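Each of the next two complexes has subunit A plus one more chain, namely subunit B in the first and subunit C in the second.
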Partner chain A sequence: MPVLESDAGPVWRKRTKGQALARWFGWLLGVAIFLWCWQRISDKTTWFFVWDAPDIAADVLSRATPPRWEYIDRLWWPIWDTINIATLGTIAALIMAVPVAFLAARNTTPSAIFIRPIALLIIVATRSINSLIWALLLIAIIGPGVFAGIVAIAIRSIGFCAKLLYEAIEEIDATQVEAITATGASRWQVMAYGIVPQIAPAFAGIAVFRWDINIRESTVLGLVGAGGIGLQLQGSLNTLAWPQVSLILLVILLAVVISEWVSAKVRGAII
Partner chain B sequence: MSVATHRELDDMLGTKWRKPAMVKRTWLRWALVIGFVAYLIAAVLSVEVNWLRVWEGLDRGAAFVAAFASPDFVSRGSDIWAGMLESIVMTVASSVVGILISIPIALGAARNIAPLPVYMVCRGIIAVSRALQEIIVAILLVAIFGFGPLAGFLTLSFATIGFLSKLLAEDIESMDRSQAEAVRATGSKWAQWIDYGVTPQVLPRLVGLSIYRVDINFRESAILGLVGAGGIGATLNTAFDRYEYDTAAAILLIIIAIVMALEYISGVVRARVQ
Partner chain C sequence: MLRLDALTKTYKTGDQALKAVTLAVPSGQVLALIGPSGAGKSTLIRCINRLVEPSSGAVMLGDVDLTKLGAGALRRERRRMGMIFQEYALVERLTVMENVLSGRLGYVGFWRSLTRRFPQSDVDEAFRLLDRVGLLHMADKRADELSGGQRQRVGICRALIQNPALLLVDEPTASLDPKTSRQIMRLICELCAERGLAAIINIHDVALAQMFVARVIGLRLGEVVFDGPPDGLTPDRLTEIYGEEDWEATIDALDEEDEIEAAE
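For the complex of A and B:
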């Protein structure tokens, strides 16, 4: 325990002088990096626009209210598309995520040296790229539309679902698996009766959780042309139809709140 | 099963064991299954797929996958560098500001620390921040503040508040009361109580969450450029629009590499603080 000798006797200190100095320099470095970053952002900002921002915000708000309620008639079909993108995308993702998760989990992978790293790479690569970027890419490849949105959501979700699922698989109780194995069950029977029942609740939870996230993401996929309500949002923004924009934002907000509520209810019922 | 009598067990002899169903009530099970299948059919039928277009696009898909084998970091090198730097700058600045703002809001949103009015206000802020997605906030902020990284910086800071405050507040609410009470019993002031009674209990989680949020902020900063809020997204969008797959592949590889590095660092740091 570091103690500082002073005229009035020893004084207790939390850190030694070296540690205190190292901490101080760490903080200095951190603050310097932050200020440098802020400087770069500030250089690229037209400050006149920023000082003008409250007026602009008030202007946009006054143009956006009241929302154009009758526009809702043209939104039903995009809303249906949006829900389909999220749901079908989630289902497709789960179908692909299950084998990846079994290959990535330490206790079920056929080969920890060759196959597991590949599965982990798939998980990281699909997870680290946003669904909007996947959508951009897929639109360039298979053309704009709902289908590109479904595939984008599916690919983005593989990594997320597989990661959570393989963690659940690694945490299963080995004794149950051993009991099934001891009855002389085949590899697939062990899977079906020893492993699957243990991870089924986790699987259902992950599915609903990801579906909730996917509803959020599918509402904005249309911004890049991948179908759903985002297309209407993009169109309204481009024509500066602010009353329509505010209505669409309200619909999106409502969809997000409802999906979160549904997901919380279902997860509460499962767990 | 466990309360089966001898007679029931006798009846079961010779019959095949069946897996218990997930949903106990038969009519509910069938209603769920039929409803789901009906929805699936309706959904699949309503999706229009131009298979000819998909078939033609497969060549381009193959070209893109091939581009990952030979990514082009050089020919748009300066654009990629500038975009990446801007993304990183936005990530750092917004994480710092977002975390600094979210700590007091998290204190306010913890029911065992804050009085009810403060609690309601802070929970309201969290709810608004969580309900609005980054990209929509970015669109609005670009409209208000103009193009550039400032809009992206504000968007990410705003999103950080909702994420971090919520999780941190939950951690504060589930902390050990006795430790905080012991500090309070020494006659400490409110600030001292927070500093010595609460902070030590939630600091490991705060560090872990902060690093995780830096990771998320970086990933999000990669798409903000699509709506003009600065970062690598604009470069990436241009690369896709021009079908320059080798440049796009290079950018994606850099993003994946940085995210992997951040995930590794966060794993090391979390192992050390816990």
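For the complex of A and C:
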């Protein structure tokens, strides 16, 4: 009832009086909860450590600079391993994600009742577990090393790629598919001519986007022993070799910047 | 050549889109299907090539009842029915040539079509058709670079390269300007005459239909309420198809257009 009758004619308001009051109380309640939470967190914080933090940070920074540049010779292989883990993991994930996506998309699934829920389960299950946890599990199963890292990245990425891809499949223009069907094309030909060209840009975008994310994820996999530059990072942290840590962080930053640049270029070229 | 026998389509929602439509189209006849939105025009032509499954009735193409066919046999029969769409329905990211050749998919195996190795005779025919519609120089362009009229010409080529006996045409001019609409309608009718094709053309522009076809079918709420020559569409008849409206203006406009065309 946003229109009120008054002596000067009808007046329009966005909300009625009751709605406005309810919103006001909602805001009041929200602010009260926020302040209460602030109080609780504050009580449980050891403020001594927090006040101390800038000094400690400055101390670590002074120990970490300048980076130990000659250590770079021992980082080339680990960073190469890291990039390989990300790249091979992404490729493996895409190979597995494509069929899952076609089974999960409403317009291409063979059975919406039996097969689609299974595909969705695969997507949710692989997506919801972090790659570090996958790596921990896989190291227990197939032993430490680069291979465990690749498999961890691959499994973790299936759900992500399949979800974005099946959403792209569901958004395709159905009349193009209809037109190819009407020529007497077989089911696979309809897929190759009617569906694949429509999702190709999305596929390429997803692939480089996920590769970019995986470069970042694979840098930490070494922390749990799954190969790559994270192994060196962990070793340096454990021995308090701060100049090495700072160099490793710089190398990781450089790798991430380059991967971002590559993926932005590739996406720009496709779209 | 094409015979619909008590063709009925009831959607899951309970809407009856077609109510026992019975219709015969002899070889080489071009007919226009007119009627208000929701009359079942699109459903009717999609029930013929079973993009929409009819609920009951028969669709006889020659001696074959299309409604009884399994998947493989249906695909073979679909090759004999070319379809042209309202929004062109070209695969936007493929080239003009690939779009035209996709009309041959029913004749070519999967791997050959995937690697785009179509038989040379198909490629020759594609070039001939593109030349016929005046788009030979566009063969290597991507479909989304073309204008509406050009896209519809590619759509026509894709339907014709199937070597069909029948064209199913769904609102071919609805997205085009008046001049391009006429050119496209004229092209479709000329090509049908050249090749002796029968065609069913869904169209909501009554004047345009009257200009080009020999027979008009009026559809209203899924039933055939008019079947006759275009001159038979009197204001009374149009009222029966579309509902109450002043039809004199439409008919006058048509007469004027004829005079202008004659003067040109």
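Here, the second predicted complex is superposed on the first by the 223 of 271 C-alpha atoms of A that agree within 3 Å, B and C clash if a C-alpha of one lies under 4 Å from a C-alpha of the other, contacts with A are read in each partner's own complex, and residues count from 1 in each chain.
Convention: a residue touches a chain if its C-beta (ideal position, glycine included) is under 8 Å from a C-beta of that chain, and two chains touch if they have at least 3 such contacts.
Here the structure is a predicted model, which means the values were calculated and not measured.
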item: Touched partner set for A:V146, first subunit B, second subunit C, both or neither; value: first
item: A:A57 touches, of subunit B and subunit C: first, second, both or neither?; value: first
item: Touched partner set for A:V257, first subunit B, second subunit C, both or neither; value: first
item: Partner chain(s) touched by A:L137 [first = subunit B, second = subunit C, both, neither]; value: first
item: Partner chain(s) touched by A:V220 [first = subunit B, second = subunit C, both, neither]; value: first
item: Touching partner for A:Q198 - first (subunit B), second (subunit C), both, neither; value: second
item: Broader residue contact with subunit A after superposition on the shared chain, subunit B or subunit C; value: B
item: Subunit B versus subunit C as contact partner of A:A8, first or second or both or neither; value: neither
item: Overlap of subunit C and subunit B interfaces on subunit A (superposed complexes); value: 200
item: Touching residues (chain side subunit B, partner subunit A) in the complex; value: 22, 39-40, 43-44, 46-50, 53-54, 57-58, 60-61, 64, 85-86, 89-90, 92-93, 96, 131-133, 135-136, 139-140, 143-146, 148-150, 153, 219-220, 222-223, 226-227, 230, 233, 236-237, 240-241, 243, 248, 252, 255-256, 259-260, 263
item: Complex interface listing, subunit A residues touching subunit C; value: 173, 175-176, 178-186, 188-189, 192-194, 197-198, 200-201
item: Contact set on subunit C toward subunit A in their complex; value: 49, 51, 75-79, 81-83, 85, 87, 89-94, 98, 102-107, 110, 113-114, 155, 158, 162, 168
item: List of subunit A residues in touch with subunit B within their complex; value: 33-34, 37-38, 40-42, 44-46, 49-50, 53, 56-57, 60, 80-81, 83-84, 87-88, 91, 124-125, 127-130, 132-133, 136-137, 139-143, 145-147, 150, 200, 216-217, 219-220, 223-224, 237, 249, 252-253, 256-257
